[in-house]
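Heads up, there are several structures right after this.
The same chain A turns up in both complexes below, where it pairs with chain B and then with chain C.
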Partner chain A sequence: MNRTVLFVGLLIAAVLVAILFLGLGKDPSEIRSPLIGKPAPSFALREVGTGRTVDVTQFKGKPMVINFWATWCAPCWEEHPVLVANARMLQPDVQFLGVVFQDKEDKILGFLNERGTSYPTVVDEAGKTAIAYGVGGVPETFFLDANGVIRAKYAGPMSPDILRENLQKAMKQ
Partner chain B sequence: MLAPLGRILILASLFAAAAGAFIGFYAGRTRSAEGLKWARRFAYGYAAAIVAATLVMVYALLVHDFSVSYVAHVGSTQVPTWVTVVSLWSSLEGSILFWGLVLGAYITIATFFTRGKYEEYQPDAIGVWLACAAFFSFLIAGPANPFHTVLSPPLDGPGPNPLLQNHVLMAIHPPFLYLGYVGMTIPFGFACAALIKGRLGHNVLKPIRESLMLPWIFQSVAIMLGGWWAYEVLGWGGYWAWDPVENASLLPWLTATAALHSIMVVERRGILKGWTITLIQATFLLVILGTFMTRSGVFNSVHSFTQSAIGPTILGFLAAALLFTIGLLAFRIDKLEVEGRMEGAASREAMFLVNNLIFVLLTFTVLIGTVFPLIVEAVKGKQMSVGRPYFDSMTVPLGALLLFILGVGPALPWGRANAAQIKKALLPPLIGAIVFVAAGYAFGARTPWTLLTLAFGGYAAQVTLGQMFIPMLQRMKNGDSFGTAFVDGQLRRGRRRFGSYIVHASVVIVVIAIAISSSMRQQMELHFAKGQTLQAGGYDLTFVGVEERTEPHRLSTIGIFTIAKNGKQVARLEPRMNQYQMMREPIGSPDVHSTALRDVYISLSNIDAANETASITVFISPFIVWIWLAVIALALGALFALIPPRRPAVILSPSAATSKDPVPNDAAAETA
Partner chain C sequence: MTIVLLLLLQLNVPDAAQFVGPPKGTPITGEALFARTNEVGQLLRCPVCQGMSIADSPAEMAVNMKAQVRELLARGYTEEQILKYFELSYGEFVLLRPKSRVLWMLPLLALILGAAVVFIKLRKLEKNEPPTANRQPPTDDPYLSRVRDLVSGGKQ
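Right, the complex of A and B next:
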């Protein structure tokens, strides 16, 4: 028996398998946003329909749900009713805000008129706000506590459960 | 109806593989001829069952039977038929079924072509193959079952991953990869059988070499196709990003390449037996590691399938295979007898050893870079990635060194050589090195690594061409005409030699093309209004306009550009943004104009259909096409080397014919 082969081989194998084992069970697509725990980047954008400027700092004092979306994204259509229903139910305790980017205002207006809404939607024309929030795709939703600190981020369409779970993180603070 | 049928066939394949594996090992231990016969029958039985199961799946996909769970996941009546067929391997469960199919084909071919030969090794080899097959059938039957019955089937499914529908290369890259990956099971089986028997006889080297070479060819092409696909589809102008899954395909290729070389030393000198066996086993283990990496959800990548329960199962198999292999090696490696010895440092066999060490070093470098983020996360809880700088700074010097050995190695004679012989062998190719450096300098190459690569490449090119045509030149010296000498010396007799040096020549081209294309690439960001013409790297780019095209499964916004050189239009490119119905983000598709000298590559970063403006990134990269072409030449060269040599014209003496280990004369003669 060749002891060197046995020991070196087992050592390499044990280290490799241990590393891979520790890697199991994590979701690599769950990118932990570096913004979590930090104050949300402030922005002031034009509201769709009314044209008035909505400044995010004006909502300080209550938890917020900021949802980045676009009319060309199918998962956004899917989550839209969930957001509208929850915003209606939770107001005035929680403020919802939609941020649309890479899109055109007439399309957004058409979408909202057709499907209804219960919270303001602003247009991020240059996409600067989306960049500040590190948005990688739509939909993406950020949950802010009453002090304007980001407590959770979710990439993908909202379901009632996902919304409740993440909102709790923001309400706890 | 189809789902239960598929499940029954998978269970049949699991039974055949498990029983066959058991019988194979038993027959190997008892040397029972009857047992071997039954092991073979079970091998064919496994293949038949898994082929039938795959056919059931293909049929279910084609008729859109959404009561089969896999079809409900990836099928769609909206997509073209070729996409429907391709979706067999587009998702996790189907890809494992496809793995089983390819393994069935390989086991059938290997069992059939080794029947009546290598009987000392065959039972254990079949045992190992079928044990692997049993594991994959178990995966298909349990954790990755594609044949669940959907009780209330949907009317239509979502269709496969849009990235897969985005380019036709995606239809051919995965099958090549599987043909490469899965095929490594066959030499692994032979290697294990040799260890179990404690003997690596000369006769078994031939099936080991051939069964390693064939998947190696597929693997080479698969890696190239993956790079080509990334280049044509992903839009960042490159073809290799050291993505964990790209690395996963490269790792077994590196060890297999090393093994293909060390086998020759075993053939010629009877040394490096244990080393060669270890390399072959490492190749298979790295294949399983790569399979784990793509399917466990541990690594994030364009390729990875979503996370699933099969990760732990594959990890368990990897651990078991590692234990089995290490145990086998530890207990048996010292039994493999050494027949010769290494002669001096300036010999061809010494260069083979250096080549092997570099390949192993490369393997470790890439492996550590790939799993390092996992270590950091486990220890520090931080997410990080090892970027290009690590891989580039480690692999570029090793790659250059390999190119150097590729030139020097074949120039040196086998065995001991005196100083005068060495000088005579090593000095003349310096001319090739100078010529290549001069040509590269004239073309504009300036970075030291590129010039060094050109020097090594020129050296290697001259040695390779010289060695390639030795048989023909010898025959012409003896008075044969050029035609006869070429046909006889290159095509008929010296196929293995000729093919191998075609492979070497292709490698020289690939390495030089990689060095030049990466060091001399120009990249520009341009913003266009409709009708505007801008200059980029000697080309005039004109933005003609925007076109929107609606297809059932996607919406494309296309930017139309014309490219002119010296006032003459040379191409019309249509980079686009594709928005698939089920995706969160649009997928950009670049467009490329390729010529022998350089590629013009346009990728859209922003397009506004209403205002008719577009922002693009233009890449102008020299020599890119030579990477793809040379890898195809490499594959053809290797295939040519695989064509079995004509039977020796001389009749073997009865003693040689019956001897257990006849030295394969023509193989030795061909590699001389």
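Right, the complex of A and C next:
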């Protein structure tokens, strides 16, 4: 066989294998958001249960964990105890905030009353906040540093290790 | 009524102005707004679907995104501004029509390249191919010589 043809063939195969390897090696939950490294979109939404306005800018000065979820999402049930326990343990140094969208307030309230909570939860009625954050599905969690800059995003249910690892990225800044 | 209720419920949601500045176009209403919403919606990928646009998907996420497109068009945002707004949140993934035209040209380039390779190879083969008569090794075998003569025209 012609050596040039063999060389070009091997080169193309090597490039394809490298692309496949890089793609398969990635964790699909770790979505590179274009918002990482940028200031988090500001919002002020109504808190479930109390009706008071929770403005995200009021928490500037400490790292934040913003969790987008819904009561109809099974992985959100799974991660809920992790978020509640960590929020309880880390407050007042870290602020947790739940943002619920595509859901009904009575269902959210029922869920929180039954399973407990340790941080505020707000309702994003038309999903505009979720869109501004580039949320594709639930649960998705954003980690903000003390200056309100998004440092990490995680799609999927939180485990204590995942939470700690991502929070560290926000604390480092 | 619904709008008033939503305004009461949502006190301050992120606004496109934070990302792409004030509207650069003219506000549209009525039938034109409906048609334009559909057109721009065709250019945006539904993030929870498999390759569907937000104009075609019945998913709640897509419905919310389409409502936002409608609202932005009604406020006078241009198609370019709206696509940019969604791209800033979701990344280039959300655009169904890739920005780089090179991507569209890749299949055509691959076809041209493949045709060129085949053409060059065929030319080389033709050049190196020896004349039919010379391809047959000489032989002392009278029987084989006879067969060859018959096959090549029967002259003796």
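By definition in this document, the second predicted complex is superposed on the first by the 144 of 173 C-alpha atoms of A that agree within 3 Å, B and C clash if a C-alpha of one lies under 4 Å from a C-alpha of the other, contacts with A are read in each partner's own complex, and residues count from 1 in each chain.
One rule holds in what follows: a contact is a pair of C-beta atoms (placed from the backbone, for glycine too) under 8 Å apart; a residue touches a chain by one contact, two chains touch by 3 or more.
The model shown is predicted, which means the values in this text are computed figures rather than measured ones.
Of the two partner chains placed by superposition, only chain B is touched by A:Trp72; chain C is not. By the touch criterion stated above, A:Phe21 is placed in contact with chain B alone, chain C being left untouched. In the superposed model, A:Leu35 lies in contact with chain C only, and not with chain B.
After overlaying the two complexes on the shared chain, residue contacts for A:Pro139 are found with chain B alone; chain C is out of touch.
Legend: residue contacts after superposition of the two complexes on their common chain; A:Lys128 is shown touching chain C, with no touch to chain B. Contact with chain B, but none with chain C, is seen for A:Gly9 once the two complexes are overlaid on the shared chain. In the superposition on chain A, A:Gly49 makes contact with neither chain B nor chain C. The contact surfaces that chain B and chain C form on chain A in the two complexes overlap at residues 32, 136-137.
For chain A in complex with chain B, the touching residues are 1-3, 5-6, 9-10, 13, 16-17, 19-24, 26-29, 31-32, 72-75, 104, 136-139, 155-156.
Within the complex formed with chain A, the residues of chain C that make contact are 6, 9-14, 18-19, 47-48, 60-61, 64-65, 67-68, 86-91.
Against chain C, the residues of chain A that register as touching in their complex are 32-35, 41-46, 53, 55, 101-102, 123-137. Interface residues of chain B facing chain A in the complex, by the touch rule stated above, are 289, 292, 296-300, 304, 307, 311-312, 315, 318-319, 322-323, 325-327, 329-331, 333-334, 371, 374-375, 377-378, 383, 555, 579, 581-586, 610.
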